[in-house]
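Shared between the two complexes below is chain A, which pairs with chain B and chain C, respectively.
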Partner chain A sequence: MPILKPGTLEFVSRGADQTTRLGHRLGELVRPGDVICLSGPLGAGKTAFARGLGQGWGAVPPVTSPTFTLVHEHTRQADGLRLYHVDSYRLSGPDDALTFGLDELFLDENPLLIEWPERVAGILPAARLWIAFHFDEGDRRLITFEAAGESYIDLLEEYRRRTFGG
Partner chain B sequence: MTLILGIESSCDETAAAVVRDGRTILSNVVASQIDLHAPYGGVFPEVASRAHVEVIGAVVHQAMDEAGLTYADLDAVAVTRGPGLAGSLLVGVNYAKGLAFASGLPLVGVNHLEGHIYSLWLTEAADKLAFPLVCLIVSGGHTELVLVRDHGRYEHLGGTQDDAAGEAFDKVARLLHLGYPGGPAIQKAAAGGNAKAHPFAKARTDAPYDFSFSGLKTAVLRAATVQPRPGQPRQRGEESEAPLKPDLRVADVAASFQRAVVMALVDKTLQAAREFGATAILLAGGVSANKALREEMGKASPLPVYTPPLHLCTDNAAMIAAAGTQRFLQGQRDGLDMDVQPMWPIISLEAMGG
Partner chain C sequence: MLLGIDTATRFISLALHDGDRIVAESTWETANNHTIELAPAVRAMLGRAGMDTPHLSAVAVALGPGSFTGLRIGLGFAKGLATTLAIPLLGIPTLAALAAGQPRFDGRLIAVLQAGRGRLCAQRFAWGADGWTPEDEAAIVSWEALLGSLGDGRPSLISGEIDADGRRLLASYGAGFGVSMAPAAHRMRRAGYLADLAWARFQRGDVDDPLTLVPIYLHQPGVPHP
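What follows is the complex of A and B.
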């Protein structure tokens, strides 16, 4: 698991199950107010990762695809925090996103998971964790993590240590 | 005699209905927003709430007029409390609260999924229904397998781990460049196609009655489109324009995909019906309008299969009034502080203290 430069990490997942497990590990570390972007084409593993992240974080009910309603809201028993899971696919740009109230979710203490973040790039906070999913051979996927901002670099470093050792 | 006014605004239909004794529809008014959302390729929450606000008063008045009743004739107001879009649910719930406050009628919050189950009690099948029943609820936003042990006694057996069935249709229609909404588009494209041309594998799931349609979507992507070179990340949005293979028979892919979804739904529903000794299978929700699903379930099931007519499959308020009747008769009364529940799972009435 080479660290190319601080704040980045690359991993090749063998399939959806492993992608879900990777999400689970990150979910255990997600902090209040974190913004996590999941970027990649249809079928690349965004929802598989989000499902694991929800498990690790403690989301009730379990994370599924929010495409139909644009946003799902999951609560966690332990502290009553909510995990927002947004799918921007159907948003045509920042104007739609503002109409939809996405900017208000950024200010919230609740963590935010956002699929198709490039559709709303103009209003995303500068500090965030960006995870990109790429097709590889067959079921394999290349997953790249990129942290922007000191607190996310710390988060990614902790994730790397916990998940891959070292 | 019990007369209940039902109000439904959980997604993109504003609806009100009056139902007698949970069985007889006196009025059933639905204002659909489908044209408003078409440009977005799906429901857009903010647009939906505004449209609900604009029409809800007229819709409720029309339901009362058509039933030929005044509020004094009613026993209660039942309203969808969840699951659904928070902003949309709020419109119906607040309208119902205002009505309850002004008229002195009891307020009864209803689960939308439970409403879909009770749509069957508004049909002629109601006389033949005997518990336990297994109900498959499939729509754009929901895929739920529910064991109905008695009135108000439900057990959630499984749901989707990723995409709802209707959502899977939408996404595959997008991949095949067939347009929105995906359900009717796939059904049309599949006509004349060979459903065995692409043997898409069955999904594995964590729990026996859960569904997963995400892997199927990826399998369709692989079968139908030209894949990028390994390691070459695609650009944003490219997947929706990913070129189809030049020799592709779209009808075959659509038919094979539809068959895979239908078989997953049918197999698990029948398996659940066997395990829990159900006397019949209920099919509800918008996707239950799919012809292949109705036919296949009917063919494969040794038990009777009941499906409501189309206007009761899709979202409506008569089903909310019917479910509300049961809750009202079992003593449920909600206060004016009742909140909406956007992610409300279906659970038994006693479990929610109602």
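What follows is the complex of A and C.
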């Protein structure tokens, strides 16, 4: 996986199972206060990645697509932290996001996982990890990671080291 | 008697202003139970002051910036009260009320509240003939951007809700940027100051329309963010 520049990473996943495992690895590293954005078209692997991320983080019950509820909360037994899993697919933009109180989710330290982050770009913090999923041949998916802010650059470096070695 | 209500953040503050004095005031941190706690607390405060809702002649509410749920609950409650009692409603900007509670300081005042994930909602004030006067609009900034904009030799006093990370940052780097932090009691938003500002407007007849008054959320659509 080529390292394009500090704070970025690219990887081609062979399919949904591998995408889930990649998410699992990241979930193990997610810290309180983290904001992780999952961007890409339907079927590109966002939910497979999110499912793994939830497992790795310790979410109960398993993370599923929240397309019909906008926000899922998963509590972790170890420390009582909650993982917020937001799906902005049905939001028309930040206006909609405010009318259901998305801004509230930013006010505590529970990690936030956001699908379709483009739709709420106006209220996202500048510091975040942005993961984009692209269709490749067949089941293959190109996944690009982009870290903004020092703490996310550190997170991505740790992820790269633990997941891909080196 | 004017009732002042501030539910803009996790801190709730209530006050009763009789035109001369604050006769009751109460401020506490809620675990996001604004809905459950607000109405009984207003009832209890009125009772302690030997009054009931018919004694109220106006109601004032923190208009924002603030969190979505907190503002909606405060504004909904205040509008309901003003409409049913047929008394004037006044919306007071949250950070103006905070600034009104700060002592005079030879420099700029930065009034803040938490915007989440290391961000602040901040507004600058300068001391003028009428006390603290806004120098700009409230905006969402990171601590780094805020401190970076202050190293110009003019001393700054920062007050309001500052989380543990922010306090550590200020303790380590504040002095280098000429920034000092207000003591804890000044950082707390007290509805007595909001009620003071509202009373002055009430006396001038400068009141708001319950049908059209809308809150100012932390994140306004279309406002660029750092």
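The rule is simple: the second predicted complex is superposed on the first by the 166 of 166 C-alpha atoms of A that agree within 3 Å, B and C clash if a C-alpha of one lies under 4 Å from a C-alpha of the other, contacts with A are read in each partner's own complex, and residues count from 1 in each chain.
The rule we apply is simple: contacts are C-beta pairs under 8 Å (C-beta built on N, C-alpha and C of every residue); 3 or more make two chains touch, one makes a residue touch a chain.
Only a predicted model underlies this, so the values are computations on that prediction, with no experimental measurement involved.
When both complexes are superposed on chain A, chain B and chain C end up sitting side by side without clashing.
Within the superposed three-chain model, A:His72 lies in touch with chain B and out of touch with chain C [touch as defined at top]. In the superposition on chain A, A:Gly101 contacts both chain B and chain C.
For the superposed model, the angle subtended at the Cα centre of chain A by chain B and chain C works out to 90 degrees in steps of 10. Touched residues of chain A, counted separately for chain B and chain C, are more numerous for B.
With both structures placed on the common chain, the touch criterion links A:Ala48 to chain B but leaves chain C unconnected.
In the superposition on chain A, A:Ala126 makes contact with chain C only, not with chain B.
Applying the stated contact rule after C-alpha superposition, one finds that A:Val35 touches chain C and leaves chain B untouched.
Between chain B and chain C in the chain A overlay, the least Cα distance found is 10 Å.
Once both structures are placed on chain A, chain A residues 101 are touched by chain B and, in the other complex, by chain C. Taken together, the chain A residues at the contact with chain B in this complex read 16, 39, 41-43, 47-48, 51, 61-62, 64-65, 67-75, 90, 92, 96, 99-101, 118-119, 132, 134-137, 142.
Considering their complex, residues 11, 40-46, 84-86, 140-141, 159-164, 166-167, 170-171, 174-175, 214-215, 217-218, 221, 227-228, 230-234, 236-240, 242, 342-343, 345 of chain B touch chain A. Of all residues in chain A, only 33, 35, 93-95, 98, 101-108, 112, 122-127 touch chain C in the complex they form. Residue ranges of chain C in contact with chain A, taken from their complex: 10, 67-69, 114-119, 142, 217-219, 221-226.
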